[in-house]
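The data blocks that follow each hold one structure.
Each of the next two complexes has subunit A plus one more chain, namely subunit B in the first and subunit C in the second.
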Partner chain A sequence: MTVEAAPLPQAGRLRSFVDFYATTMRTAVATQFQYRAANYFYMLGMVAEPVIYLVVWSAIARSNGGNVNGITAEGFAAYYIVWTLVRNMNIVFGAPFWEWRIREGQFSGQLLRPMHPIHFDIAYFAGWKFVVIILWIPIAVGLSLVFHPALSPSALEIAVFLVAIWGAYLLRTAVQETIGMLNFWTTRGAAVFDLYMASELLLSGRLVPLKLMPEWVQTLANFLPFKWTFGFPIESLVGNMSTQSLLLGLAAQALWIVGSFVVFRFAFRFAVRHYSAVGG
Partner chain B sequence: MNAIRIGWLYLKVGVMNELQYRVNFFVQLLQSLIQVGTGLVMLSLVYSHTKELHGWSEAELLTLIGVQIVLGGVIHTFIQPNMERLLEDVQQGTLDYALTKPQDSQVLLSVRQVRMWQVVEMISGLILVIVGLTRLEQSIGPVDVLAFAFSLAVGAVLIYCFWLIVTTGAFWVVRMEHVLELFEGVYQTGRWPVGVYPGWLRYSVTFLVPVAFAVTVPAQALTSRLQLQTFLISVGFAVVLFTFTRWFWHFGLRRYSGASA
Partner chain C sequence: MEQPVVHVGGLTKVFKVPEREAGLRAAAKSLVRRRTRDVRAVESISFDVARGEVVGFLGPNGAGKTTTLKMLSGLLYPSGGEARVLGYVPSKRERDFLRQITLVMGNRNQLQWDLPALDSFELNRAIYRVPHEQFRSTRDELVELLEVGDLVRKPVRNLSLGERMKVEIVGALLHLPQVLFLDEPTIGLDVTMQKRIRAFVGEYNRKHGATVLLTSHYMADVEALCRRVIVIHHGRILFDGQLSALGNEFAAYKTIGVVLENGAAPLDAYGELIHRDGDRATLRVPKAETSRVAARLLSEQQVLDLTIEEPPIEDVIELVFAQPQ
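Here is the complex of A and B:
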């Protein structure tokens, strides 16, 4: 089907965009604060995963005489506590939700708006992040008291980290939305999402710091998008990376973001052409 | 007896329902393969850096992971679908339909749903258990197997009780759907011997969320490290928890005022 929505007036285009983003983000903040308890349950459930990895690797580090491949128990603590924030930044409008959006007829309505639906996704989840970050602070303090992380970042590392977590957010959004386009052709996308999640788990630094992986896995990870949403932001803060590799990392992230959104644009165009409306 | 008959009837209907969606079998198969695959990768990573983890060798831990996956399969097939449905029913007011039926309400809401294809998860876990066992040096006798089967059943009862207690909380706090995530997260602690965890966490996953009893005890039975005392404590705990769960369910039910009528 073709869609002919009224184009935005050129003069106010930028302002409309800024307005739209600001309002959507404010709405997200207000809404999600209402559901603080639900958000907290969710976040606490997520903490279990890194705590398990952390405990297991710290135990191995101790039994190995203090470290595994140069990472001490305190180093693991730092890695996995920062992990919790990065994981939360990685929650985006996920691919499986496209199925819901299409099935429930939400998408038809969104197509009629003068703005691409992805802007809502980016803005809403970005706003939600502010709530998540505030709720995350007590969790981080609690985990730090229990596990004593070794963390002494420089000003540059902090600055790169703050950029990198938003880069991770944008990159994962682009990738997930692109995979979500599969839902226009099949209702069995779940298999593909699971493959994606498994690859991400192993190749991003989510399961273990990539340093612990065999050499060839590390090389492979450099050429895939996963590492730039997970391992790189964490390492930028805890990994004592050189200035050059910090900046190169940001550049790689930027490149992946632009590339993924270009792919998304094409995929979306094909998908909408294929779309036959549900509901309305 | 009546409870078993009703359970059996619902099971038959549930299986017939699921048989209509055969492609789900393959989706489930792929998901199980991924789950087992990532578990094996983590295992080989850990044991590429160490010889034993808190006294557990690689083969023993493989058995433990297998047990965790088997029990996960039981949860996903029988327990979780029913609890999810209950949460939804409380939110939407459709619980009235179940309550007005002339049967014990707890029995009814515990057997209504079955996700048969999750059986694949149980089988894949069982394969891991068997592979792990063949790699063990000591052999297992029929007593070990019996103790294993029995403690696994006790584990399932414990998890069921925990789930029902939490779900009953929906009578007070209506929005509980994130509890699912919380449980899935905590359940992953069962992949590792409970001794690895620091004290506070060990006690929470043993008594608060009885994952340790449910997973570690059966795995201990298979690896011949189960002590009679631990076994008896877990049985006793199950009896107490089940009695409490039943009381708590009726207590919560009195709070429920319905939302549909």
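Here is the complex of A and C:
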């Protein structure tokens, strides 16, 4: 049984996709501009974590005769200042927020749109980053003046870094959104998120550069997603990696991104079947 | 013959809900063995809605109205039966289907909270791929019809409930949907605002030939907009027909209004006296006895005026809702 459908506005699929992403990103930027003071407080909070790591490791390096496993105090400075940018690029729609989204009825609204909710999340948080990056620049300059980072990347390293930070963003989005799907079956999905965060802290290069970890941890990290969201983008700019390592790293990151989105797609399909729209 | 815009056949939704007794022992027990119970929210309902119809979906809280609307809009997967809207299976949530429907839920905000509604409208334009020119003319028309001229420039969080509902409706209709699912769109609003939204929905239906399924606890909404109502209770359809026929089906009585020359005349013998004001009185009498009682009144009393009326729709609905499961 069919009925005659009303004529639909037709536009090129790619063009309308670009339009959607651009409009959503503009919306995100406009939203961020509503809270100028909150943005600065947020940035200060974000900077506190790497500054603590930086101060501790610089002190250890100095007391250790100038370096720790070959990383000098200036090397740590470069690592953790780049870290601040990578961390901001890594902010995505977090898994625990799925519970809020369901409870508040926001997810129902998103399901009613002729656009997969993941596109909104990717576009919105990508737009948000432009505000954060503008706010990050003076902070990075200030940290550089205080800690004197040793940083002299090549053009290739800069290019790989620029791709890798967006790759990290996409990978972390896919992983977090997949974990978020647990909220459709349990109200305690946060427990899995906590496990993810603890693993990320140790195996990504977030807490400690992976170079300082035991050999077996470094090997393990190569086969898990965490390193490709933190350690690899940072190392691509500060780690003097060979061209082959840089390109292999990008390939590994791309594989993880594709694999994670495939898993997310399946998880989402089952989650929606399970959805009871209790929040509205 | 034109196919129905909404076709529902044996539609069923069963929720599995966890349950346990209160107390620590029950909490510990539930760690080992979880108990669940099936809640049959919608039980094999069937109906069709034609293009351009405005149908009121009535029922008490928990009757299954919202669950039905959610299945028809693709938010919920049915547990059984079939549903088709504009020829699409809603649970597949195809893009072309979603572009032609909208679901407005009272008290639910889908606009960007921190931004003026105009920014959310722009986002909806991009989401629904509405051409710029069409978007501008539709937006301006809706803004004018709902009289929200200056409100669309204020951050949504600064709007009152009624104002927010109006801009919410503008946002939900920018893509000119053919099917509107309205779930208590006037809930919590003052009488003037309710009236305005009611008039707007009627106007939209007439102008665009849109099909509307409306749930509301305010009978004024239903009386103003819907000639046909579907009454649902305990997940089952109790009545599907003209609003005017609802009284015949469920009300076991009618009311007789009389104006007497002798205002003090006793009337208890004719029926239940529910109102008396000087020479005017209102009696409630069993439906089957209405003609006989009216004839008796006319012959035994000095009647200046007599009217026989169906009971108010609110009373009928109350009777329907009081039906045992």
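Keep this in mind: the second predicted complex is superposed on the first by the 267 of 280 C-alpha atoms of A that agree within 3 Å, B and C clash if a C-alpha of one lies under 4 Å from a C-alpha of the other, contacts with A are read in each partner's own complex, and residues count from 1 in each chain.
In this text, a residue touches a chain if its C-beta (ideal position, glycine included) is under 8 Å from a C-beta of that chain, and two chains touch if they have at least 3 such contacts.
Bear in mind the structure is a predicted one, so any value in this text is a computation, not a measurement.
Of the two partner chains placed around the shared chain by superposition, subunit B is the only one that A:I52 touches, whereas subunit C remains out of contact.
Once chain A of one complex is fitted onto chain A of the other, the partner contacts of A:L44 are limited to subunit B, with no touch recorded for subunit C. Using the contact criterion defined above for the overlaid structures, shared-chain residue A:R113 touches subunit C, although it does not reach subunit B. In the superposed model, A:V208 makes contact with subunit B only, not with subunit C.
By the document's definition of touching, of the two partners only subunit C reaches A:Y275; subunit B does not.
When both complexes are overlaid on chain A, the residue A:T24 reaches subunit C alone and has no touch with subunit B.
By the touch criterion defined above, A:V68 lies against subunit B but remains apart from subunit C after alignment on the C-alpha atoms of chain A.
Once the two complexes are overlaid on chain A, the subunit A residues touched by subunit B in the first and by subunit C in the second are 35.
Put simply, subunit A touches subunit C in their complex at residues 1-3, 5-6, 8-11, 16, 19-20, 22-24, 27, 30-31, 34-35, 105-106, 108-109, 111-115, 272-273, 275-277, 280.
Contact residues on subunit B toward subunit A in their complex (touch as defined above): 23, 27, 30-31, 34, 37-38, 41-42, 45-46, 49-50, 53-54, 173, 175, 177-179, 181-186, 188-189, 191-192, 196-198, 200-201. Residue ranges on subunit C touching subunit A, taken from their complex, read 2-5, 7, 15, 51, 70, 73-77, 84, 86-87, 93, 95-96, 98-103, 105, 108, 110, 112, 114-115, 119-120, 122-123, 125-131, 134, 155, 175-176, 178. Note for the complex: subunit A touches subunit B at residues 35, 37-39, 41-42, 44-49, 51-52, 55-56, 59-60, 63-64, 68-69, 146, 188, 190-191, 194-195, 197-198, 201-202, 207-208, 212-213.
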